[in-house]
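Pasting the structures here.
Common to both upcoming complexes is chain A, partnered first by chain B, then by chain C.
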Partner chain A sequence: MASSTIVESLRKQIASCEAQLKDLRRQLAEAEHYQQQQREQDSLHQTTAAYSDPFTHDMSYGIHDDFRSEVFAALSHVEVGSPSRKWPLDKTEYKRYGRQLIMPEIGLQGQLCLKEASVLIVGVGGLGCPAAAYLVGSGVGTVGLIDGDIVEESNLHRQVLHSTASVGMSKVDSARVALNSLNPNVRLVAHPSRLTSESAISILQDYDVVLDCTDTPASRYLISDACVLLGKPLVSASALRTDGQLMVLNYPPRPVGDPSGGPCYRCVFPKPPPAESVVSCGDGGILGPVVGVMGVLQALEAIKLLTRQTNEVFRHVEPKPADPPTLLIFSAYSNPMFRSIRLRNRRQKCAACSAQSSVTPEALKSGSLDYVQFCGTISPINALASNERISAENYAKIRLEVNPYTGMEPDKDSHILVDVREKVQFGLCSLEGSLNVPFSTITTTLPNLANTWHNDEIPQAQGWVTELKNHPEKPIFVICRLGNDSQLSVKKMKELGLDHSGQRWIGDIKGGLKAWRNNVDREFPEY
Partner chain B sequence: MAPAKGHFTILYFAAAASFTARSTDELPAPVQACSLFAQLEERYPGITLKVLSSCAVTVNLEYIDIDEDDGLTIKEGDEVAIIPPVSSG
Partner chain C sequence: MATDDTIPITVEFSGGLELLFANQRKLTLSIPTYNENRTRSNIAFLVQHLCDNLMKDPRKDMFVLDGTVRPGILVLINEADWELEGEEKYEIQKGDNILFVSTLHGG
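Right, the complex of A and B next:
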């Protein structure tokens, strides 16, 4: 017990000394640079003064000071230009970063800050790809990449670092190839596995800033907790369908219990979204540029964080307190598209960053904090009894085969097939003769019309119920994309009385259209 | 766009927009912030458990705490937003 405390304390001391050393090296490089510039200017003044050229006089007085020193610098470069001359950046770096170097927000000092910095990108998908591209492009010294996934074809419309040729490759490797060809000066660190609570502290501690580019509630809480414990600023973004969110969290990164620190993810969203809202088959749509915008904004916020000091020290901008924390909401089809919400400070009873915190490094490392459980289990839904379900193969027999005993042709009219995918998905591909009743319509249909709020919407919303009631003798088969929504729909239909107190069979097709494609019709499109 | 007289605007984002199948409503003002969820539940049964319980709520672009901001009143003309956590990426 005692020895582990000593190890921990020594680790912290080393980390703090290393950070100090890093900062001193940067200061030294800058100081040397200025010293040299100063010397050269001085010697140039002397040289020019030595010539009793009549124009010297005009030169010294007729020109703006800044311009004069710039001219001197240019001249000195040509005339003095000794091979031992030491520039803080490599010659190729001046060229590569020229367009951002001449921005007052960055300048030489900002570029040196970026070069010294290390950023960890957790998740190399729709957010992580653009974020990594811009950070590597800008010359951040070290960029770490974590992801345990493989590149899939359906990733390519938005995950801009991966190419058709890299399908099947690990995302981290694919990104490394792309990023290395973009900027070989950046040191890339690969972590080709999923971030776990056991590994989070040891991986995150080596970096200055962390970007959360992941895709599950559990990983969002885990990364936030680890950043709070390690005192790292966290740039968190997310995107779904046409919406995105961006927050700079734990900034300033004050110790746990210090109310002046920036809020953490738990402060803003203390309760995770219900697990079933994450499982639903209807979820998962995303527009490439929507997630792209959010990833690019993460890179921007990271650059602002890393070069912030520069602006205060070298541009003589008043050191001001960090911007108040905000939650930026992006909604691509709303007007306005962006809304900036002012957040509060740390929550007094926050489980992670307040004085009442229950999240400790030990709990994280030992794995005793179960993030997956905290966010609800995402096990497959099993809501129906076995006699309420039919396999895709058996349903195919009903649809496609001649009855061996009666010789009757298969008849699609003998039953009703209800496809509960949303309208757009139904429009992509569907089984012949199926009736589309979107899951969202089913779940919002009320058993009692009197409770319905939007009177104008009653006929449309209830129309499907009436339609199904019109054929009380036909069994109803319900299908969806993966076989989750179909089960919930069957339950709901029975609640609505569509089974006529058990006289009509209502059941779902196990595994949905995915099972249909895998086991019955290979030509049915996969999307 | 200002809401009708005696009303406030409520904006639904992400999962809240999916659940209500709309992006905005105009509701009668004033209303106590702590009774907002109950009113929404009446209009959209199931919304509290499935959406609201994990949402951030804002009034005029400021984060509020429904459970702890006792006595906060949503007034005529206010803009309330229901912001569920988006976790995909």
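Right, the complex of A and C next:
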């Protein structure tokens, strides 16, 4: 199995080298012919008699320059006695890529550039899946895939390469299956583990362009640093809820210390955001097409980068300086949906790409740069004392069983259950009889207002305080999705005086609705 | 000719910052032309003004940290990075569009 893969891979590499060689011969013939034409034209200008021959005239000036040289190159390429004509691309490739081949932006040269190129996709999730699909579809020669995660059911609405059947499989393997059936001509390289600072340089160095399709600040700084050190352009995107962002970084990929290179991630964001301000798709939500749009744009930028040379060299277009660095912002529910923001150039004191850089290949390889620590982590919230907390199982007894000490029948009215998830989540599923007071409402309730209000002055959003004060004798149980917001809510309720100076019990249900589902009611929905 | 007392501007929030401002993505507001020190109102003044008067969320450090916009927020003045315009010291002009973008990390 493994050896047949190697044989196959070697065959493909040989075929690719042969194609390259063939193409170089063609280019040489074209260049030589062009040179000769120039000489002839120069001499024609000097000898007016030559114009008397209409055929010469037509051949020199009647055909578009590009086309003329292509024709001559093709003609001169035919070797005497060669039995069959060889083309730079395989017959099936002409067909497969025909719709993009006929575009001046790509053409034959562009397609050959793509075929010779290698792109690394870090993260095969919501961004990486569509990006990989379009790059593999376009015929990029080698596509590398890095991801250490396995496919989960909650990935499927947006991670379009993974299927229901591949739940539980590694994302890299699942993507390989899908990509291979999309285009078997592309060499896929699997890296089924998380990118680490120790491995970053050795993995990234084999590729021409890197796509950052990851989902944490730590990986974004790591990938950017490695790209700067290796001189690779980086196409970075991210998405959350209804918004997306896209940047092409380190482009042009000039050496460290050269201020004319494109800015890196650290130039734009020298300091990482506070860990508590970072929201994941699992917590904040994500709309599939939003992250899909961003991944597709990454593939587009990669194709533009890889075929850029084509336009300059082969279409005889003046080389243009690289576009100034921009941040593209996508906002699905705004009008207009796209806006482009002009970014700064390289930062003079950037820790990664400036002359004063402190990020070195050695530091990266040795693992002495701790990206996770640099970006900070959120320690699990532990805000309450143990007598302010109750397990889901014990709370279930209060709801469902006769109290073993008092012999009291279970009664939902004996207490108040406050669910502090946001309204949308509460609407998905909730425990019977629970009262929804969203966490965002609780945190924005001002303590002084709650204590000193007059009934006609209470803002509507703060009516919950009154409602809870109306039943001063009932203990309050607070629940949320995972058991973090519930703790902070208990603290806040006590600050607002809802515990009547300790006379009323207020506490949270440990582990939230997740614990309720795992330990009490398996039928309660998980989302 | 007397100078106007206030400058009309547009302030926009993106990348989740709108959640700190009662879910408003776009605010049209007027700020004083000169602040207490009789100097022209600049971005630093605007940031403080937003934080004190318009931010609904009590978690001020999600917007301002150590006296300036927290790391991970880009400030864009008329569609360009504020670092191209003089950062906090940029004096706000009539009709300016100031966009605050929080970086996203999901993918």
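Operating definition for what follows: the second predicted complex is superposed on the first by the 420 of 527 C-alpha atoms of A that agree within 3 Å, B and C clash if a C-alpha of one lies under 4 Å from a C-alpha of the other, contacts with A are read in each partner's own complex, and residues count from 1 in each chain.
One rule holds for everything that comes next: a contact is a pair of C-beta atoms (placed from the backbone, for glycine too) under 8 Å apart; a residue touches a chain by one contact, two chains touch by 3 or more.
Values in this document were obtained by computation on a predicted structure and should not be read as measured data.
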item: Superposed partners chain B and chain C on chain A - clash or fit; value: clash
item: First, second, both or neither for A:209, with chain B first and chain C second; value: neither
item: Touched partner set for A:420, first chain B, second chain C, both or neither; value: neither
item: Touched partner set for A:392, first chain B, second chain C, both or neither; value: neither
item: Chain B versus chain C as contact partner of A:273, first or second or both or neither; value: both
item: Residues of chain A that lie at the interface with chain B and also at the interface with chain C; value: 123, 125-128, 212-217, 220, 237-241, 243-245, 268-269, 271-274, 276-278, 284, 286, 291, 294, 327, 329, 331, 334, 339-344, 440, 443-444, 446
item: Footprint of chain A on chain C - complex, ascending; value: 14-16, 19, 25, 56-59, 61-62, 65, 70-74, 76, 79-81, 83-84, 99, 101-107
item: Chain B - residues contacting chain A, complex; value: 13-15, 18-19, 21, 23, 42-46, 49-51, 53-54, 56, 58, 61-63, 65, 81, 83-89
item: Chain A residues within the chain C interface of the complex; value: 123, 125-128, 212-217, 220, 237-241, 243-245, 268-274, 276-281, 284, 286, 291, 294, 327, 329, 331, 334, 339-344, 440, 443-444, 446
item: Touching residues on chain A, where the partner in the complex is chain B; value: 123, 125-128, 212-217, 220, 237-241, 243-245, 268-269, 271-274, 276-278, 282-284, 286, 291, 294, 327, 329, 331, 334, 339-344, 440, 443-444, 446, 451, 453
